[in-house]
């Protein structure tokens, strides 16, 4: 079957939703209606995406005649299908989330319109059949996301965050155009599948140039270090569902771009290309999680964790390319599959966590870890749902993060199959880096869940938090998805394997899934396990102690007493670990990266005896902003000053400019 | 560490056998006083009550109330009237009822006989 | 004589029952938590010495535990500073039953300090005392005897002592 | 030690000038204790002058209610160690405020807080004061030595972390087994110790308040039980103060008896500190070895003086008990040998030394600034030892060796303790040779003593196992105490504890530091 019609339905639904929101966004019922429609669109996208995994690449449909920007061509590919499905999932979840999250109003109407159009544009990016369509859709998507972030434009940090996003996005866009132009020029076609078919015409140097341009250009959107700086700025200022969309999908579009070039348009390539990609991914993962540990703001924390996960995915891709260079097609396809599986997983739990961050912010009025605490009692539903997402993102069984990261690790551990010691060592190094990352990720999310939900409330707002009238359905749906993606891993992987056959031509199915719900990383007799049975087994295990307790419970009435506090007058909230103190060990261990600055203020620091309150502050130096971007920005400011003289405002001068330009054009034409 | 272990073994056992066997280090301990009723006149009793810094000794009519629990075995009463007060040598004084630690010591025949009590026949 | 007397009478029966329960439940092993309610630190030193080689109360099945949650017996020293009362009560309540309280040393028994604005002059008014160990400070031997009396492994001697003797003093 | 006359020959002539500046006719104020009246107006200037003097340290600051009105008499006790004299300045403070002493002599800060709680007067300036003795209970109205503070300002509290990226790690008051109740507020950023403060109010027994109106001998009973571990030093200081007030001169054999008790006291405390060090470093066998030595020393105390902790040895005007010389000669070498062997083995155990070296470092500058005393100060290289600086019989003849070390870390303190233990054994043997026994000087004239029947006061001091112990006693004409000031060494040295801990980043070192300071809460919260 051809999924395009279904996807067209999704597009139509989102268009309609945008229209409703634009017209009647102010009224509650119409907002609901808009969300219902948008949700239906999401469901359609989900179905269409899944379908395109199975059905393989559809033929290219040329919709409408020549448009100003060239012909509009669409194609549903198996590679894009993964992302389309994710897009659908997130769209459904947010649709269920929005009505309770946003107060109806003019602003909300506009916002929802923009949001649905952004969904539409992202879909367009994913089904773009030719370069021009892709670029137009891409730029539209970028601009709409910019507006999405500008939900409350009057606040300075909002404007700043949105501007970071736009600036980096546009920079990346230029590189992406260059990459496409090279390929289009060398293959004399604008159609993507055409390019893929004639890629062999492109000489090695141009291939590498195009790939590097694409890696950098899409790296901006994906958030590869050091191109990541927009995420922690833009995510906190966007509304929760906007952040979920940005983190869950938009960054993945960057990943899609990298996969598009690395596996479809320019498959394979020299080993160094894969090694480079892998290195970029590994560094991104490690630095992402380390910065996450330094954050107090929930959404900035989640944004950095997104960077980490993007790093993991890109590492998998890089390793895959390396294996290709050493004729390990099986592992090549397998690691691509593992990476794409992680794309879906991360999309699901990261969207969940951002939506719950929004719930916390609405319930308490703050996103600051150190002003929260004890929410598990006040907000049981939110705490359970968040806990699922936390287990997922911390890559702990039985949830989906564990399965995909396990697959990626298993793939990397087979670096020895390259036959080259150096390469094997490099791949194992990447695996080691991911190992460190995984450990730190668990640490980070013990903190990310424990500080806000456990312990005592640190502020009055936290103590009075209430989750009544807070959205539940959306995050809950994603929580179910997290479980389903793990328990149903064999099914999902089967579908992905089909897609891999389309994309890479390698048939993974027999090696990956020997049946009986077991998953095998590409090569039998290496390793293997069954996510499904693992989940069942874990549930059984947790049941055992409960049963034992119930069986052996003492008959005597149990007495509940207060926590033993050493006899102090009263426990105070300041007597518990805070987010910053919990992560202090990493600040000490990795101070070369953090360059923390400490300030200690005290009412009286008299040598005789310190007295009065103390105030201790430690700040993490934003290395990349300070040492990489600030110089660049200065340079541009300087450049602007330099070119200002030619902007005199004198009409004749401008006429002269035009004349000169025309002259130059003619000269070039004449040559 | 092994060196320490060997040292420990070489040092041998110093642990008391108490309560299985009496411990002779108990003889060194300061122990609460013991009184000679014969020598305790009212006057003596009042002097004792007056020097006792922990109010363990009080006179109630013709009886000297002695609170072993309050007593710190400081020895001031013994120093005050050596003739009437001596050392009980008791250290196993734990009680499960506070009242059991309060002893009623009769004074010598209504305290008619004055003085140190040396002439009082037991 | 002291504020404690009535309290101790009040808890007599229960303390008997407790000792049996202790003997039943813990066999011959018992965990001890100490509590300083304002002592002069000498009682603490003697208690520390209980674990020293010369006395080694572990051989008798007694162990020290810093966590009242694991403690069966509370050795309280000092005259019970009023400001410390709440902490003392917290500690006692943090212990699981059945539990014993041993008033240790003359201060705890009301010897050194009289009840006043600073102290209760003894712990009896604050905690239900089961066993009283006199002495300033009570020597480790006296403490051992007290502990063994507390768990009913030694008979108390003091009620048979008259603290009178005839004949000329030594 | 009672006032024994010393000529001014050995003294730096500058002292006379100083005294003149203080309005004293210098040489006349001979003797080991010099008293000077300093009007409140000139207090600041006087403090500057004295503090500027080499080897002059502010040993104590305390107040007492004046006889009439609600004026307060502020007394500063200076140890002029180079001049072998104590200088007591008295100033009558009429106002609510007095010049901030701690700005000039930092050691005074703790006492400034104390005086505010007890007498309601506070130093000039806006420096917040810390809570010292009074519990943080709203309606807490404990009896005070003076009048209660006017509605207490909000800035009187223990320092708390109020914000930022640090949290308070509460520890205590109910802590490990067999230790005194003490509350640590450990302010930490998760790794480093940002700050550490102590609460001792839950052991505050108002001893100085309860001594009022008692006879010195009755009071001595409570003084001994103020700080039971190392009771001899403070008791001696108190007795000496009373003797100075009463004009008594104890017989020499009684003084030697006291001195022997004091050295035995030092011995067993250093042994106990060694055991505590082993316990805090988890060296169980070493702890057992040290505890064997400790128990033998305690039994030696009991054999020699009839009490394991040497209560009841010191008496007003002499010694109530004399040592059993035979027992001492017989058992001391063995008991000390135990300690010596344990210490030698410890000093050759690297796993032990590694925990002690560079742990809890206290700079000499800090020790001097905070007016620390005893082994803690000597381990930083400050040779402060009352037995040498302000010697009185019998130490005047014995000339004890002052053990110092440098480095100021736990190991230095440990070495100082061991050296002192050896010295104590030598002193005991010498004094046994000279003969020691009980004895008491009875008041010659009326209760006022020394023939005079007017109210009298006196200062007493002794080098307790923790360092200089001071006591100041004022008696009324009936010989009853109107104001007794006790200043055990613990009061001084705790204030160096948080500095030592802050030099550390590891929580687990704090018990080691505490063991090496070997202080009592009881001595501070008296």
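As written, the chains take the letters A, B, C and D, and residue 1 is the first residue of each chain.
Throughout what follows, a residue touches a chain if its C-beta (ideal position, glycine included) is under 8 Å from a C-beta of that chain, and two chains touch if they have at least 3 such contacts.
Quantities reported herein were computed from a predicted structural model and do not represent experimental measurements.
Each step here moves to a touching chain, and the least such steps from chain A to chain B number 2. Between A-C and B-D, more contacting C-beta pairs join the chains of B-D. Ranking every chain by how far its Cα centroid lies from the centroid of chain B, the top place goes to A. With centres taken as mean Cα positions, chain D sits 65 Å from chain A.
Chain centres here are Cα means. That of chain C falls 31 Å from that of chain D.
Shared contact sites, meaning residues of chain A that touch two or more other chains, fall at 565, 567-569. Shared contact sites, meaning residues of chain D that touch two or more other chains, fall at 173-175, 181, 221-222, 288, 292, 295, 308, 311.
Residue positions of chain C touching 2 or more other chains: 53-54, 68, 87, 90-91, 112, 136, 139.
Pairwise chain contacts present here: A-C, A-D, B-C, B-D, C-D [touch as defined]. Residues 67-69, 86-88, 90-91, 93-94, 96-97 of chain C touch chain A in their complex. On the chain D side of its complex with chain A, the touching residues are 102-103, 106-110, 113, 127-130, 136, 155, 159-175, 181, 183, 187-192, 194-195, 197, 369-370, 495, 498.
Across the interface of their complex, chain C is touched by residues 13-16, 18-19, 23, 25-26, 29, 32-38, 54-56, 65-74, 82-88, 90-103, 105, 122 of chain B. The residues of chain D lying in touch with chain C in their complex are 135, 137, 140-143, 173-181, 201-206, 209-210, 221-222, 225-229, 231, 272, 275, 288, 291-292, 294-295, 298, 308-309, 311, 520-523.
Chain contact summary for the complex, chain C toward chain D: residues 32-49, 51-54, 64-66, 68, 78-79, 81, 83-84, 87, 90-91, 107, 112-113, 116-119, 136-137, 139.
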